[in-house]
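The two complexes that follow have chain A in common; it is paired with chain B in the first and with chain C in the second.
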Partner chain A sequence: MAMLTNRRKEMAVAASLVAPFVLTFALVFLYPAIRLVVLSFTNSPLIGAGEWVGFDNFTRLLSDKLFLTSLKNNGYFVFLTVIPTTAIALCIALMINRLRGSLQALALAIFFLPYILPVSVVTQIWTWMLDFQFGVLQPVIAFFFGKSVAVFKNPYWVMPTVAMVTIWWTNGFNVLLFIAGLRNIPKDYYEAAQLDGATRTQLFRRVTWPLLWPVTALVLTLQMILQLKIFDQIYLLTKGGPFNSSYVMLLMVYREAFQLNHGGYASAIALVLFIVIAAFSVLQYQLLRAGGRR
Partner chain B sequence: MLCRKFFAATAIALMSVPAMAAENITWWDFFSGGDGVRMKALITRFNAEHPDIKITGTTLEWGVPFYTKVRTAVAVGQGPDVMTYHLSRMPLGLKEGVLDEVTDKDLTDAGLTKDSFFPAALQAASGDDGKLHAVPFDIHSIVLYYNTKFLEGSKFLDGNGKLTGISNLKDFEEALAYAKEKGAEAPVSYATGDDGATYRVFYTLFRQLGGELITGNEVLAGDNLQKAAKAIEVMTNWQTNEWQPEQAEYEASVALFTSGKSAFSLNGVWEVPTMVDLEKKGSLGYKWGAVQVPNLMGTQTTWADSHSFAIPANNKLTPEKRKAVMTVIGWMEKNAIAWADAGHIPAFKPVAESAEFKKMEPNATYAALADTASYDPRSSIAGVGSPIYDAAINIISPAIHGYAEPMAAAEQMKSDLQNVLK
Partner chain C sequence: MTSLRKFENGVLTIGTFAAAALWIFPLYWAFITSMRSEDRVVSKEAGVLPDEFNPAAYIDILWNTNLVSWYINSIGTAVIITFTVIVSGMMCAYAISQMRFPGRRILYGVVLASFMVPSQALVVTQFILMNDMGLINTWAGIILPQLIVPVVIIVYKQFFDAVPKEMREAVVLDGGGDYTLLFKVYLPLNWGITTALGIITFIMAWNQFLWPFLAVTTEDKMTIPVGITQVNDAFGVFYARLMSVALLGAMPVAIAYLIFQKKVTEAVMISSGVKG
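Moving on, here comes the complex of A and B:
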């Protein structure tokens, strides 16, 4: 009996401790999320009530050419960023890891610096550097390609350029994760391997790579989620053009909701994007974990 | 001690309030640059002349941000008392239900009558049922600015150094070629890498061809598709011949003309003050003029839009406050000559036909464009910050730079816009 009251007391304490979080979570996340799902089955405007239209928004979505283009572009962007940024971050982390003391801190700071910039500053910097008329990088482009290229107005250049800017901006965080991962690998393993006569390549392949794999899988998954949510850079640099070649799903959500006042349809797109991200990230993480166990 | 200071401060604050309680009017607009300076001056003048009404103005960002804020604010009843509104945006505004009706009584309160406005502007400010939902303030358009330096010795300048002899596309292109030969870097400057500028030039050419962007519920129906392709082809041709700047942003396109590197500029009347100021300062270095865009393609017409004043729906205006708002609107209309200073043509005829306006140059030269102006199609996908503007930057601009054939671009425009319209 005494135990039971004790348990009840513990439950009450536990509940009161988690209550602030649960309530905040329910208010600012759960409730809006449920509203979004409800909204996606209506034809409501951005503000105000609409009528229940069942799956109309979703069937319309499947035949919306722009949606398919956006989906494709999202995929292309993920392809251009996720693996490259992870590989680059790993290389930089391996190099920084070889440095010592304040030099290491300095190198880390330099690579981390872009990450602390707000996206509007990042896009301003790159718009200026790549400006068609007077951008400082245009002579470089002209040297390699024979003429200046208006990178954000050219259907072939636009996505790779936005991807490059994104990698430059966000890479520092991944470097940090890899550095943390590298520091977690005990030195003993390297010493033991070296005693057995392992070469540098073997050290990396047999010790670093497998022991770093959990971090690599985490970085890949985080990047996948982040890059599927691309919006800011596209909105600020290209507005989806030219010829919709950089149109992505979140831009479509924004246009439908705020420009065209289609709250219901925008919610349906947002919901699909959410499902895509959830499915892909779970799938990817499971696959990567399975890959790591082998 | 602190207490006494506080009372003293309160007493002073109370003393500064005029004896009669003033009506506080919340005002939203989207004017920046030269427009913004002139609008703020007008508001300051109004406040000085009216001790019983006080306008508190807020300037928000032009385009989608402004209209999104209006829509959400009105929906929850937190809109301003009066706001500026583009008439091209009227169909979407009516569909969203963000605009209150301007009744005949309101107009009387403002000291205005319907027939004192240009019919085209009045029609654009009315719903399909003929009810007025905004009071037109101006008509603004694009005009053809010219720099006489590059045209000297050609048949395109008359004895007084005024532009002459451009009555079709062939003439204009001949003038462009002549200016190129005379060393103009970009004979005709407009922001080829910007949505608004590209759209305005496209729509002017397209309308001059007799094109209809939207008929009924169809985008570019029938041979309108060919006409759109033709307009894009003309713009592409200007690019191929290097007569227009490549991928020019708005500021760059203005700078090309003001720095004397362009013979012509197809730009909004709102840049007139820029030119006037530069000339006054003596830093222009050439003689300039502005005329309405010549008839290049067969019909005399130019893209145009209007700024107007509107009262948001879902407001909680008391009859007294509503009357004060109308007093503001009426006063602005009657003092529109100060607004014409920003290049615009007043929509209020007593001002537009006044001797003072007729003396105003170059406004008086191009004012006739108001009679033949082409407003945006009446559709919820047209107007400032609409999908049609998006199509200009997304499709027309890259197409004129050679990334797509004119016909393919017109077809994509049709399919993209049709997709939004359905």
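Moving on, here comes the complex of A and C:
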């Protein structure tokens, strides 16, 4: 009998411990997630009731030009950021990892600092840097391309420029992950290889790269997921323009829901975005794990 | 070390700091711009070197915008979010790690799965929910959807799992319950991880843009990242002022980072699982 009350008491304690998280989770995460799925099958406005329309929203998506453009731009943006930022972060981490003491702390602080800035600070600074008339980078662009370019008003320049700004902003996080990975590689490996007369290139190819692969895989996966969710920089720098050449899915969710009052349709787009991200992250993780085992 | 190696090392170090100088240049340039008069900013003669120390733009920003309310909103919401996320996450992780109750595995599975869910995909229905509850344009409305940070539970669970079982027994023999265990044993043993997770959560909450942008409708309720975009609309193209408000907005976290650099570095590494 005493055992039973003890057990019951433990149950009550456990329940009280998990309750704050579980209740908040149910309210602001689970319920909105379920409602999102339901809403995506209706034609409801943002606020108010609508009618069940079956798969209409999804079939409409397939012929929505703006959606296809957004999908393509999301892919293009991933292409422009994921591998470049991983490569740049690895180079910077290798450079910083050589340094010692306060020099290392200084270099790390410089490369990491942009990461802790709010996104709007980043976009304001770069808008000024790249201002068509007075931007400090325009002479540099003019030097290489013969003339100044209004980068955020040019359909060819806009995505690469947003990608560059994004890399500048978020790269420090990846640098830190790589540095952690480099520190985990035992020093003896390098010493042994150096005794055998290995060159820098050989050290990197035979020791660093294979042992760092799990971290590289992690960075690639995290970046992929992060960059598919792009909204802030695009909204603040270009609002999707010019001529929708930087429109992305989350921006479309925002427009449909909050500007056009199409709650149902916006939910359908959000659901597709969610499925794309989930599918890619599972797929990529599996691929990278397989790559790491070889 | 051969002299060639030494030469190579020198070149690499110089290269590193040249790259660092390029990397920091945008912030340097924002600072130089913010210290100039608006006329000087757009004049042809102004070079890239500092030449003026004119605080006019800063004074103008502090007087003529809601910057102070934005600070208060940002600090208030970020502190509440951080505290709630850490305490609720720690409690939940302790129960999952140290107690036996039905649904334990399912709960942890849900936590792991929600780690994969992009919260941005939920903004539409979160907005509807907050609107139904009448919380749009309130602190509660800004805070509530940001309280789910599954990584906190995942990290805490790993660390609680690693606490030796003998640590429990002394407390249990003295008649201490699970709350005593959590707050007198497990928490003090993991202060390092608690500050690390706190720092990460705070930075994330402070920098959050999309949700506060949707949840707030009037300028006095805005957080820093949302508020400073208003300055753009209010002033048009006055870059000295735009740069000074940007730098003022960035300052608190930037200073905190420079002071706690080591801790932040560690925090990022721990919370992403590359160092345990």
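Rule of thumb we're sticking to: the second predicted complex is superposed on the first by the 275 of 294 C-alpha atoms of A that agree within 3 Å, B and C clash if a C-alpha of one lies under 4 Å from a C-alpha of the other, contacts with A are read in each partner's own complex, and residues count from 1 in each chain.
Rule of thumb we're sticking to: contacts are C-beta pairs under 8 Å (C-beta built on N, C-alpha and C of every residue); 3 or more make two chains touch, one makes a residue touch a chain.
What you see is a predicted model; the values in this text were computed from it and never measured.
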Checklist entry - Overlaying on chain A: chain B and chain C, fit or clash? => result fit
Checklist entry - Just chain B (first), just chain C (second), both, or neither: which does A:64 touch? => result first
Next on the checklist: So in the superposed three-chain picture, is A:54 touching just chain B, just chain C, both, or none of them (first/second/both/neither)?
Outcome noted: neither
Next on the checklist: Per the contact definition in the header, classify A:96: touching chain B only (first), chain C only (second), both, or neither.
Outcome noted: second
Next on the checklist: By the touch definition at the top of the document, which applies to A:46: first (chain B), second (chain C), both, or neither?
Outcome noted: both
Next on the checklist: Looking at A:258, would you say it contacts chain B, chain C, both, or neither? Reply first, second, both or neither.
Outcome noted: both
Checklist entry - So, does A:132 touch the first partner chain B, the second partner chain C, both, or neither? => result first
Next on the checklist: Tell me the contact category for A:225 with respect to chain B and chain C: first, second, both or neither.
Outcome noted: second
Item to check | Partner, of chain C and chain B, that touches more residues belonging to chain A | outcome: C
Checklist entry - Of the partners chain B and chain C, which touch A:197 in the superposed model: first, second, both, neither? => result neither
Checklist entry - Taking CA centres, what is the chain B/chain A/chain C angle in steps of 10 degrees? => result 80
Item to check | CA minimum distance (chain B, chain C), superposed complexes, angstrom | outcome: 5
Item to check | Contact residues of chain A, present in both the chain B and the chain C interface | outcome: 46-47, 133, 258
Checklist entry - Tell me, which parts of chain A touch chain B in their complex? => result 45-48, 64-66, 132-133, 150, 153-155, 239-244, 255, 258-261
Checklist outcome for this item: chain A partner, complex, touching residues on chain C are 8-9, 12-13, 15-17, 19-20, 23-24, 26-27, 29-30, 33, 41-42, 48, 84, 87-89, 91-92, 94-96, 99-101, 107, 110, 114, 116-129, 131, 144-145, 147-148, 153, 177-179, 182, 203, 206-207, 209-210, 214, 224-226, 228-229, 232, 237, 239, 242-243, 245-247, 249-250, 253-254, 257-258, 261-262, 264-265, 268-269, 272-275
Item to check | chain A-facing residues of chain B, complex | outcome: 64, 68, 71-72, 75-76, 92, 95-96, 193, 195, 246-248, 252, 380-381, 385-387, 390, 393-395, 397-398, 401, 403-404, 412, 415-416, 419-420
Checklist entry - What part of chain A is in contact with chain C in the complex they form? => result 10-11, 13-15, 17-18, 20-22, 24-25, 27-29, 31-33, 35-36, 39, 46-47, 92, 95-96, 98-99, 103, 105-114, 116-121, 124-129, 131, 133-134, 136, 168, 173, 176-177, 180-181, 183-184, 200, 215, 218, 222, 225, 228-229, 231-232, 236, 250, 253-254, 257-258, 263, 266-267, 270-271, 273-274, 277-278, 281
